[in-house]
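You will see chain A twice below: alongside chain B first, and alongside chain C after that.
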Partner chain A sequence: MPTYKLISSVTVGSGGAANITFSSIPATFTDLLIKVSARTNRADDSDDLYLTFNGISSGYSTRNLEGGGTTVSSDSFAGIGTKIGRMSQNAANNTANTFGNSEVYIPNYTSSKIKSISIDNVREHNGTYGSLNFIAGLWNYSGQPAITSITFTPNGSFVQYSSAYLYGISNA
Partner chain B sequence: MAVTYEKIQTTTLSTSQASITFSSIPSTYTDLVLVGSAKSLISGTDSIGIAVNGIGSGIYSRTYLEGSGSAASSGRQTLQIRIVSDYITGTYGTADFGVYTWNFMDYANTTTKKTVLFRGSNTQVSGGWNSSAMVYLVDTTAAITSLTIGTMNGPNLDTGTSFTLYGIKGA
Partner chain C sequence: MSTLTKIVVNCETGEEQILNLTAEEISDLEASAAAYEVEQAAKIAADQAKAELKASAKTKLMAGLPLTAEEADVLVI
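Up next is the complex of A and B:
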């Protein structure tokens, strides 16, 4: 059995999209991996992409390690316990046709334990701003439910050709 | 379609124990990926230590970059006795299992010393969080045939700790 299998993919059409959701995720894998390529219509130098599970907006925490090209910093995104963030993506003020990229790894997504999430994120556009993030996320929600749906939401809206690929990884 | 990402072996602890060993690793892959979800039985923070081919002498060095949630830092350590991860969670508070990944590059060759890349996301409810990235050098030209995974400070890995070793085929 292949250990690394595509479950579902989304590519945003010409009308854009407020979010990208994977629902009805099968419980037959051990871990999940999502690869995201995104740009939004926010009129700014970047946008932030957030992650929630099962349509629930509580129980989240985040630690971020960021390199901006000249400095390195770390923060905890205090006050955003309603989601995991922030995955910095390219936005409307960035060089045309450039997209940010994120890789989200979720081990043991069906377990009844607290969920830990590891995220690598990059944003580059051959311009003034770029960033690299290593993010540790946690979802500690009552009952510790299995993850059955995943939603990515930016501040703006995803533009056409933004995409996300959900893979299941099996160690069975 | 050729399968390029294959599970070699997986271990999930049903009882706590001192270490997990993946031995007789085949040389038929290009790279290895070790994915762990781990917790220590120590009452505090700990680190994972990996011995390559059973070697526990100072052949390991590392350069790390880590963020605690309030500060970022980087440093180097040489002559270490294990491939040492960043912090993992101990048993205090409502501790959880972090996410740890090691990439062992060109592990089967017998002419070059081995480079290892690490990403750690230690997410715990009560303090001691961090997100980290590291690069290691294992000062041996021998092919990697076994990995022994344990804790650096605690007596045991906790029940529920799991490690899976994958092989990546480049051809």
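Up next is the complex of A and C:
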């Protein structure tokens, strides 16, 4: 029976943060799961959050399926190759104190093969518009290293009370 | 302007560090954000243009009028 253990968590303080990194991730689990609740100071209706591994900015590919209530779309994005995205999060123009939510699943994060990443993301602000993203990502980097660190970076900066929880999943 | 910082959590020790960004990191962040703004503007413009084409195509179809090639393209999957 799979087990589910909190490895580490972080909540952004009053000074905000440009990015959040989980480093020295133990290799003792089978899969990783990260739950993110975020809002940024970007002066707009939304911001996008990106993911990189081991401090490396290459080898990534992303496909994003997005629903916005009345519209649907599918796209990659300009940063393709350098990071995985685009997890839409709440930003400065949204209702105060509302946050976007992302769930990132990374199976076989220690394998020596290409890594797959699936992301379920929602942004709503108790208003008339929200969006939902399903994101499929791959990390195909030379040498196929195990994932030992994960960094989340928005275009703006995380505001206070944004949080991220990293869990390890074991198959026993 | 306040100093940009990053949070690094060491999963082995549990230590949480709040570090100032380096000049290179700030430069990268600014370049990425600028590219994002350009990309967002292009995406919004493309979505708007597509919506207008679809609306025009629908109006013409219902009125029995010929479509332009661009209007036909947005209707054919």
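The definition used in the following text is that the second predicted complex is superposed on the first by the 166 of 172 C-alpha atoms of A that agree within 3 Å, B and C clash if a C-alpha of one lies under 4 Å from a C-alpha of the other, contacts with A are read in each partner's own complex, and residues count from 1 in each chain.
Everything below uses one rule, namely that a residue touches a chain if its C-beta (ideal position, glycine included) is under 8 Å from a C-beta of that chain, and two chains touch if they have at least 3 such contacts.
Everything numeric here is computed off the predicted structure, so don't read it as measured data.
S.K.: Could you tell me if A:L138 is touching chain B, chain C, both of them or neither one (first, second, both, neither)?
M.R.: first
S.K.: Quick check for you: in the superposed arrangement, does A:P107 touch first (chain B), second (chain C), both or neither?
M.R.: Touch partner of A:P107: chain B, not chain C.
S.K.: Given the touch rule stated above, what does A:G81 touch, chain B (first), chain C (second), both, or neither?
M.R.: After superposing on A, A:G81 lies clear of both chain B and chain C.
S.K.: A:S73 in the overlay: touching chain B, chain C, both, or neither? Say first, second, both or neither.
M.R.: both
S.K.: Is A:L166 touching the first partner chain B, the second partner chain C, both, or neither of them?
M.R.: After superposing on A, A:L166 lies in contact with chain C but is clear of chain B.
S.K.: Touching chain B and also chain C: which chain A residues?
M.R.: 73, 75
S.K.: In the complex formed with chain A, which residues of chain C make contact?
M.R.: Within the complex, chain C contacts chain A at residues 2, 4-14, 16, 18, 21, 25, 29, 32-33, 35-39, 43, 47, 51.
S.K.: So in the complex, which bits of chain B are touching chain A?
M.R.: Where chain B meets chain A, its residues are 3-7, 10, 35, 37, 65-72, 74, 94, 96-99, 101, 119-125, 129-133, 160, 162, 164, 166.
S.K.: In the complex formed with chain C, which residues of chain A make contact?
M.R.: Touching chain C from chain A are residues 7-10, 12-13, 15-26, 48, 71, 73, 75, 77-79, 153, 155-157, 166.
S.K.: Once bound in the complex, which stretches of chain A touch chain B?
M.R.: 2-4, 30-31, 61, 63-67, 72-76, 105, 107-108, 113-120, 134-138, 140, 170-171
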